[in-house]
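The letters A, B and C name the chains in turn, as written, and every chain counts its residues from 1.
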Amino acid sequence: MTARSETIAVARVGRTGSPRNPAELTRTALLTTAFVAILLAFLMPLFYSAITSLKSPTQISQPNSPILPSDPATFTWNGVSYDVYYVPLPDGTTRELALVTPGRKQSEFIDPSNPEQGLISWQGSWRVLDQPWQLAPNWDNYAEVWGLIDFPLLLRNTILLALISTIGTVLSCTLVAYGFARFRFPGRGFLFTLLLATIFLPGAVTLIPTYTIFNKIGWVGTWLPLLVPAFFANAYDVFLLRQYLLTIPRDLDEAAMIDGASSLRILRSVVLPQAWPVIVAVSIFTFVYSWNDYFAPLIYLAGHDDLLPLQVGLARFNGIYYQNPAFIQAGNIMTLVIPVALFVLFQRVFIRGIVISGVEK
Amino acid sequence: MDQLPSVAVTRPAGAAGRLNLRAWSKLTPLARREARQGLLYIAPWLLGFFAFTAIPMVATLALTFVNLTLAQREPLAFVGLDNYVRLAADDRVWHSLSVTLRFSALWLPISIIVPFAIAVGLNSRHVRGAPLFRSLFFLPYVVPFVAGVLVWEQTLGDNGWINDVLRLVGVEKPPSWLFDSTWIYPALVMMGVWGIGAGIVINLAGLRAIPTELYEASRIDGAGAWAQLRHITIPMMSPILFFTLILGVVEVLQYFLVPLVLKNGTGEPAGATLFYNLNLYRTFFTYQELSYGATMAWLLFALTLAITLVLFALSRRYVYYAGAR
Amino acid sequence: MNQRLARAIAPLAVLALVVTACGPSASSSPSTTATGGPETQAPPATFAPASLRWYCCLGTGEDPSQVPTEEEVAAGFGELHPGSELKIEIVTYDAARNTLSTQIAGGNAPDIVGPAGVGGLAAFEGQWLDLAPYIQSTSYDLSEFDPGAVDFYKTDEGQIGIPFAVYPSMVWYKKDLFAEAGLNEPPHGYDAKYTMADGTEVEWDYDTVREIAMKLTVDEAGKDATEAGFDPEKIVQYGFEPQRDDLRGLGAYWGAGSLVSSDGSAKIPEPWKAAWRFFYDGMWKDHFIMTGPVFESEEFSGGGYAFFSGRVAMSENFLWTTYGVADAGTDWDLAAIPAYNGTITSPLNADTFAILKDSKSPDAAFAALTYLMDDASETLLNLYGGMPARPAKQDAFFEQLGQSDGFPAEVDWQVAKDSVAYADNPNFEAPMPKYNETLDILGTYLSKWTTTPGLDLDAEFDALEAEIQAAWNS
């Protein structure tokens, strides 16, 4: 790790020849702008989702409505609400009139500023007229979704599941990685290869008996199938931890061993204090991974609404409220805000973790 | 497929990975103690491996030779290769396999080239603020997958913003991404590309690890940007690209969660999202055919294994390991 | 239920339901007046308190507007029987079959399932509890129903259900859209003709539907589908919407039939082919029916029932449409189903509640079942728009339904009552081999037709038949 950072630092120094001449500057401006554009397109779905989450159902069902959350202008006349349109009149002026009786070739309007005047006949197709809209973000959508989806319960379940899996994964993977990194035993190479090979195994090939057995022992419908395997280590995190432990010098271990410390004690007081960056990385990865897990809760918790995590709750919510995209998007935003916040807070750890696991070999 | 944590890059352990049990007897008492302790530490994984991987795998294989269904209306019996014969004649299986393979053919190159290209761009001295870009490109990677699918479902709707933009630039009839049996694949690819953040980060780190002297030397030799890319960047990056490919293959062959959420597992439009794994999932959970589902699972496993082995064999020729033995 | 039996039963059973539903004769059965309804009976505490799960929705019941009432009804059981509780689980119709399979597979079966349609019961044949012993031991009164209606739920598993709700099909139409187009409204009576705008009287059949539906299909510029310059890419209002949940149902509006031919092989009934062709050409050639992508768009209720958008002039659908039709505005009404080849068919849905064999507390579950079908029946039938299977309750039902929030003051409910006489027989949801697989195949073709123009339909029909046959053979 330390060596790695140095390499990167060196590489950066190599890159710093800052462009001075105009041609270079133009290239920099162009390329940077291009990347800004790509990035905007890349993140656009998120903005779009946020905007939709604030729209009213009226606006969503209206073709050619404005991009921002808005409501069409209406006028209430004799107790009935009518939509207002921009109507071009024969005298050359355009006025805002409310459509009372639509017709294919001729329609009747009323003037909101002068309803006493009575109905105004207008020739033409009302469908080609534009409507005035006013900006009206529907913040209530969030409050409603909060209750409808039972967000506090889903959130509690998700956090608990993620926390327990994280504890289990960090505990078991640290032990296993310590075993692979610090002890010599016959078959170590083979076992490590076997461990890594499990990454390539399609989940389907173990799914059917696993599900059937969990079912037979009464675990289906509980959190156990999601949590217990976490305590038995997984290839990714063991690999990540082992790679890091290998970079920690053995001098201190050996000194402690000569002092008669047990291996567990060496792990606790010598190795772990030096390994915290990778442990934080593994914790955050596992937390986010478990937060985002969908398939396992879907199959193991079917029919147990009170145990579901957010992901499954959100998918179900989508099934029920598909006719109100604003609700769906509000639910999305509420679900993604926590992992995104975690990322923003811990971006260095995230990125470092990805780099260790991805580039080390 | 957005769900796997980062890509782990490792080299095949080769000769080191052979199991030699006789070695045990040759150990000194001290070494034996160390070995016992080591095995104790890896015991959680070993136990888990047997309980959640090895035994279920063997059980799955055993299931393929019987006629187990959930309702089990017929008596349980050994049926030999019947399940395999049925598999061979099952149009739906071959259709779903072709869906998976067609999607893979589209997705794999993109999933490797796009993060690489963006990383090369960000690594250029002409791009300012690369760390900020890197973080922002990574951001969607942490968006929960169901939320991501639902965000994209709206974005790709007939009147979503992508089609709004297409209409704005004069496309008369923008595609119906999610409801057309051809356009659905590019749509799924777009959703996948949203999760390439990790790929960009890995590529970027790899690029930065390439010694700058190589570029300087080649510049003195008069090599242009293209020549540098071909003769330095790509060979130096080949181990990373190769493992991205291997893991990409394993993931894409199992791909089905996005269509499961997007289309409720119906395989719409017109069976275009009936991916192999979705078909398998339905065979097990909906049609409740345990043995037949297990047979489908083994076909997938065999296929994954075969492709991975072929790729590893090829890698000896095309992948360049700096400082390799 | 085995196929042969199913085929034998389906026609009889539907007939029985029809007779029950529309026959005033049945309502004169003496027991109805004698008992004064089961609500008055004290609940017999013949079961051990239990925590029960009520699984919804293999039929109607998933709409957000329905859920709070369902939850109240479920809670009511616990209040009636302290110590017991009934908890409802809502799973959307699209996912309901899958999820229920998973739950049963997981040994995690719910107790009560419903409202479940004929198809919902058929999809899980072999998994239902025979209610007969419970009916006997609690002396449950079946005399209010026509015996034929009770037999409708008798299979070789036993009595798997008790008649509850029936939903005939009608044409739902928007009066304001007809007025805007200057067209006369469709006929309400089953023997009436349709009067064109020029005053000529024509048969109320699907040719007429096509003709007026094209006039009711309008693009952004206000041009209708019969006019030159009409832009099919920019349609803002559609003339007609069939019931497109299920290809079998879509076909059954043109004539009753079954995919299971007399020799047990897969065969598409001729009227269904005609209906599917009408549907396909309506989408891709004449443009008065929306294509799949439009159907899924937010502007047309995003894959729900397009009529609710208020911008579809006519739609064929079941009576349960009442759950959401208020969204369509306050100016809709009901009209007769048009004829095909001189025959009128109004496909029928029938919902009930059933108990799964795997239920751990069948006694309590039966008590909850009768609670739903008796104590809560009025609330639920109203909520679901389900015509009561107890004939004596039908008039009161329509009266209450008519007063629903947001409904027009005048709806011609007589159309619904009349439609029952034209119920499809055999019922389109009747059992068939490999039920779930076959439905998936049908769904795949439906999806293909609604998203792909230029198909050779004859070839499609042959391929569909062959594919179903192959699934049945394996």
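Things to note:
Following the convention adopted for this analysis, contacts are C-beta pairs under 8 Å (C-beta built on N, C-alpha and C of every residue); 3 or more make two chains touch, one makes a residue touch a chain.
Because the structure is a prediction, the values reported are computed rather than measured.
Among the remaining chains, B is positioned farthest from chain C, on the basis of C-alpha centroids.
When each chain is reduced to the mean of its CA atoms, the one lying nearest the mean of all protein CA atoms is A. Distance between chain B and chain C, defined via averaged C-alpha coordinates, is recorded as 43 Å. The mean-CA centres of chain A and chain C are about 38 angstrom from one another, to the nearest whole unit. Separation between the centroids of chain A and chain B, computed from CA atoms only, is 19 Å. The set of chain A residues touching two or more other chains comprises 63, 211, 299, 319, 325.
For chain B, residues touching at least two other chains, in rising order: 159, 264, 284-285.
Residues of chain C in contact with two or more other chains: 94-95, 102, 105, 298-299.
Those residues of chain A lying in contact with chain C across their complex are 60-64, 102-104, 124-128, 148, 211, 215-216, 218, 220-221, 299-300, 302-305, 316, 319-323, 325. On the side of chain C, the complex with chain A involves touching residues 53, 55, 62, 64, 67, 89-92, 94-95, 99, 102-103, 105-108, 110, 176, 180-182, 218, 220-224, 236, 298-299, 301-304, 308-309.
Partner chain A is touched in their complex by these residues of chain B: 3-13, 16-21, 23-24, 27, 31, 34-42, 44-49, 51-53, 55-57, 59-60, 63, 118, 121-122, 124-129, 133-140, 142-148, 150-152, 154-155, 159-161, 194, 198, 201-202, 205-206, 208-212, 216, 239-240, 246-247, 250, 253-254, 257, 261, 264, 277, 280-281, 284-285, 290, 293-294, 296-298, 300-301, 304-305, 308.
Listing the residues of chain B that touch chain C in their complex gives 70-71, 73, 86, 89-92, 157-159, 172-173, 176, 178-181, 264-271, 274, 282, 284-288. Across the complex, chain B is touched by residues 4, 7-8, 10-12, 14-19, 24, 27-28, 30-32, 35, 38-39, 42-46, 48-49, 52, 63, 172, 175-176, 178-180, 182-196, 198-213, 229, 231-233, 235-240, 263, 285, 288-289, 291-295, 299, 310-312, 314-315, 318-319, 325, 328-329, 331-333, 335-336, 339-340, 342-343, 347, 350-351, 353-355, 357-361 of chain A.
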